[in-house]
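Each in structure tokens, the structures are laid out below.
What follows is subunit A paired twice: with subunit B in the first complex and subunit C in the second.
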Partner chain A sequence: MARLVVLGGGVAGHTTATFAAKWLGSAHEVVVVTPNAKWNWIPSNIWVGVGQMTKEEVTFDLASVYAKAGITYKQAKAVSLNPEGNSSSDKAFVTIEYTGQDKDGTSENIEYDYIVNATGPKLNFDATPGLGNGEGQMGNNTVSVCTAEHAVHASHKLTEAIEKMKKGERQRFLIGTGHGMCTCQGAAFEYIFNIEHELRKAGVREMADMKWISNESFLGDFGMGGLHMKVGGYVVSSKLFAESLFAERDVEWLIGAHTSKVEAGKVEYELLDGSKGEEEFDFAMLIPPFAGVGIKAYDKAGEDITGTVFAPNGFMKVDAKYDAGAYENWKASDWPRTYQNPTYSNMFAAGIAFAPPHLISKPMSSPNGTPINPTPPRTGMPSGIIGKAVAHSVCDLMTKGESAHLHEASMAEMGAACVASAGKGIFTGTAAAMTVYPVVPDFEKYPGTGRDTDYTFGEIGLAGHWIKHILHFLFIYKAKLNPGWTLIPE
Partner chain B sequence: MKKEEEINFQKSEDFSRTMIPGAFARKMRTCLIWQFIRFVIINVKMIIVVGKSH
Partner chain C sequence: MIKEMVQYPKPLSVEFGVNVRHFNEELFALIEDLKDTINENNLEALSAFQIGNYNNVILVKNEDGSFLELINPSLIAHSGKITTEEKTTYYGELSAEITRFEKVSLVYQDVDAKNCSLRAEGDLAILLQRKLDYLFGATFMQKMSADERDKFELKLEYGSDIGMQDYCPTTFFRDKILKAINIMMLLMLGLVIGSLFVSETTVVEKLWEYQLYAIGAVFALNIFYFFYAQYEGKKYVSCTSCQIGNILGTLFISLIKLSLLSLLSYLLLN
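Coming up: the complex of A and B.
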């Protein structure tokens, strides 16, 4: 019996582990190591953050689902990897530290035959002074919707702001990114328009000044260098699509901004032209930058080989072209296909945990040398598809031997469906429903826009909201491994 | 004559340089019959994209 260890229980890790357990059956063991007791459908945190859903509606307990799937579940965080074993054993192992199951703080070494790193990101609040509390957690100056707990807190703060407006006190809302190297602009995009929708419902929209702050060099970049989509018979840039929505909803924007410092009621920022400024707020939700979770790696002699296994940003190296050089040299083929670590063939990474070869958006920096550009998104549908491909590869390696064919899922050959909520309500809600194909533009295959405009489109309407709502129930149903779960695509 | 949907153009220079949907386009966004048709079309397109991605 061989053992597969999956680090992380988010979209990528959960997909990898559950498919591997199904395909391997009882012949092999699948272990999931995740510090969380609950699974969280993160896209719906937006609705928790505006009080339209509860934390319980977007989370469920992992233990019972893993018990049903025959997966060994360890509520713990991975601390270090020993891919060559140590002085007393040649067997690879991962050192974990429990965060629950009545073993908090206890360490354990788990030997593995194959390991998939799907830890997701560390929410690096402390990268921006005042955004974090100095201890790796969110500070008190802003709110977040990155976790269900954060979203509940954000909802309470929003309620307080609405109460103030009802009493005649004007409120300034600042939503966006909290650093020049953030990704996940889409979550902030959804949040600002859901707040705007809720303020209108509460009858206080006229009492709110709303502003977007983002590290994108243009609205609608979304970390993908923007996209061109078919709208109303035209092929238009997502810049025009996004600007139109902001103008329609009376939301001002500040783009190309690196948030350099956060204080109570104020942010300091630097723009791409090198100028600096301040923005005051009463309510702010700023997405933190992401980093790897900080797993160390050691060789058999105990020497630190973290730099061999992981990129400097803490994400795991895979079969990507990391020496592509300048922007002009970037190609779709730089992006990984199998997500296998180049040094240790029994090690894979999936979802946010893999180190991308470079940005998708054009790299930018201010004259002061401050990099201000979105980092590549690797969440949602790509995470699920990559997780499933990696599960397929690992299962084949375990059952057919080391010469088995590895399955591929390049983001340059993969599309993504993105439904960005712009307000909740079965008859009044709207969402921007977008698909992009492929996620990473391929200018050799699709000269001009880099993408297939037959399958890259976007529109705003109630239909998008219905799809977003259905996806909420569908993916939670799938993640709970309810009957027919494998029929629901990632 | 006051056109509600055009008021925002004068609120900022950024707003004045983009496009803002008119009353008809806004109405269609929540028109149940039209949105049901769009729901079917968007789903079909998304299923094709999902199929091409696996």
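Coming up: the complex of A and C.
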């Protein structure tokens, strides 16, 4: 019996573990190591953050689901990897530290035959002074919707702001990215328009000054270098689409911005033109930058090989071309296909945990040398697809031997669907539903935009909201491994 | 080389605009084409999109005759709002009221791919924003308010800014009055047909009473229609005579229908 260890229980990790457990059956063991007791459908955190859903509606307990699937569940965080074993054993192992199951703080070495790193990101709040508390957690100056707990906190703060507005006190909202190297602009985009929607519902929109701050070099970049969508037979850029939405909803914007410091009620920023400024706020939700979770790696002699296994940003190196050079040399083929670590063939990474070869958006920096550009999104649908492909590969390696063909899921050959909420309501909600193909533009195959405009389309409206709401139930149903879960696509 | 400038109603030959990735001979040739086309047509500025090229390139002619080349320009910050009457070469002499940012900050690359920035205000800020409209495949129509866009679409339809107030709109409020009259007469007809299934005399008497009120109301609405339609028609001088003819004809038909319905009601309900 061989053992597969999956680090992380988010979209990528959960997909990898559950499919692997299904395909491997009882012949092999699947172990999931995740510090969380609950699974969280993160896209719906936006609605928790505006009080339209509860934390319980977007989370569920993992233990019972993994017990049903025959997966060994360890509520712990991975600390280090020893892919060559140590002085006393040749067997690869991962060192974990429990965060629950009544073993908090206890360490354990788990030997593995194959390991999939799907830890997701570390929310690197401390990268921006004042955004974090100095101990790796969110500070008191802003709110976040990155976790369900953060979203509940954000919802309470929003309620307080609405109460103040009802009493005649004007409020300034600042939503966007909290650093020049953030990703997940889409989540902040959803949140600002959901807040705007809630303020209108509460009858206090006129009392709010709303501003978007982002590291994108143009509105609608979303970390993907923007996209062109087919809308009603016309090709429309996401830039135009976003600009129109901001104008219609009367939301001011500031882009090309690196948030350099956060204080109570104030942020300092640097723009792409090198200028610096300040923005005051009463309510701010600023997405933190992502980093790897900080797993160390050691060779058999105990020497630190973290730099061999992981990229400098802490994400795991996979079969990507990391020396692609300047922007004009970037190709679709730079992007990984199998997500196998180049040094250790029994090691894979999926979802946010893999190190991308480079940005998708055009790299930009201020005259002061500060990089200000969105980093590539690897969440949602791509995470699930990559997780499933990696599960396929690992299962084949375990059942057919080391010569088994590895399954491929390049983001440069993969389409993705995204539904961005702009307000919740059965009859008043709106969301932008869009598909993009491929996620990473292929300028050789599709000269010009790098994408196939026949498969890249979008629409905003009530139907989009219904789709997002249906997807909420559908993906939680799937993640709970309810009957027919394998039929629901990633 | 002087390029043909795409002008409405000819559709733009490209549907999208993209950032320049390669600073090569192709880009330099495009810049020369833009310069030649600007000089030939005596323009202030030109976006590559306007000569059928999808690259995000804008050229602005300085007062001294030199050119400012903006490659991959992006508006990152702004302040203030200003509304002015604007024209753009794609739509010829047609103008529209557009609200722009008063001051803008741009980042862009020069011909050597060096990152640069620019702050502008007043006329230059407006000009740059109008040229930026074309990037990523748009025109200044997308920057108009909904009302202004409706007006501009009419201007496009008639090909002129002048005498717009003399054209007849395609829908009038009087049409809504007519719709209300027709719905009411339909309900009255339903009431007459429904009465065929009622045998109790007291109910039929009650129905006749309702029908009388309805006849009165529809007649009054017809009178209101006649006077309001004339008032509305006078707002559009160039087509008043034709409207008056229409109004009279429509009123005549409506009254004939009401008379027939009244007669039918009298015979069956009274």
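Following the convention adopted for this analysis, the second predicted complex is superposed on the first by the 489 of 490 C-alpha atoms of A that agree within 3 Å, B and C clash if a C-alpha of one lies under 4 Å from a C-alpha of the other, contacts with A are read in each partner's own complex, and residues count from 1 in each chain.
The working rule: a contact is a pair of C-beta atoms (placed from the backbone, for glycine too) under 8 Å apart; a residue touches a chain by one contact, two chains touch by 3 or more.
Note that this is a predicted model, so its numbers are computed, not measured.
Chemist: Pick one for A:Gly226: touches subunit B only (first), subunit C only (second), both, or neither.
Modeler: Only subunit C is touched by A:Gly226; subunit B is not.
Chemist: For A:Ala208, decide between first (touching subunit B), second (touching subunit C), both and neither.
Modeler: neither
Chemist: Looking at A:Gly415, would you say it contacts subunit B, subunit C, both, or neither? Reply first, second, both or neither.
Modeler: In the superposed model, A:Gly415 contacts subunit B only, not subunit C.
Chemist: Just checking: does A:Ser244 make contact with subunit B only, subunit C only, both, or neither of them? Give me first, second, both or neither.
Modeler: Once the two structures are laid over each other on A, A:Ser244 reaches both partners.
Chemist: After lining up the shared chain so the two structures overlap, which partner does A:Phe427 touch, if you call subunit B first and subunit C second: first, second, both or neither?
Modeler: first
Chemist: Can A:Ala257 be said to touch subunit B (first), subunit C (second), both, or neither?
Modeler: Second partner only, subunit C.
Chemist: By the touch definition at the top of the document, which applies to A:Ala127: first (subunit B), second (subunit C), both, or neither?
Modeler: neither
Chemist: Taking the two structures together, which residues of subunit A meet both subunit B and subunit C?
Modeler: Of subunit A, residues 240, 243-244 contact subunit B in one complex and subunit C in the other.
Chemist: What residues of subunit A sit close enough to touch subunit B in their complex?
Modeler: Listed in rising order, the residues of subunit A that touch subunit B are 240, 243-244, 246-248, 250, 252-253, 381, 385, 388, 409, 413-417, 427-428, 430, 433, 435, 437, 455, 457, 459-464, 466-467, 489-490.
Chemist: Within their complex, state which residues of subunit B touch subunit A.
Modeler: Subunit B residues touching subunit A: 5, 8-9, 11-12, 14-15, 17-21, 28-32, 35-36, 38-39, 42-43, 45-54.
Chemist: Can you list the subunit C residues touching subunit A in their complex?
Modeler: Touch list, subunit C to subunit A: 15-19, 21-23, 54, 72, 74-77, 105-107, 115, 117-119, 135-138, 142.
Chemist: Sort out for me which residues of subunit A touch subunit C in the complex.
Modeler: 217-218, 225-226, 228, 234-237, 239-240, 243-244, 254-257, 271-275, 327-328, 362, 364-365, 367, 443, 448-450, 453
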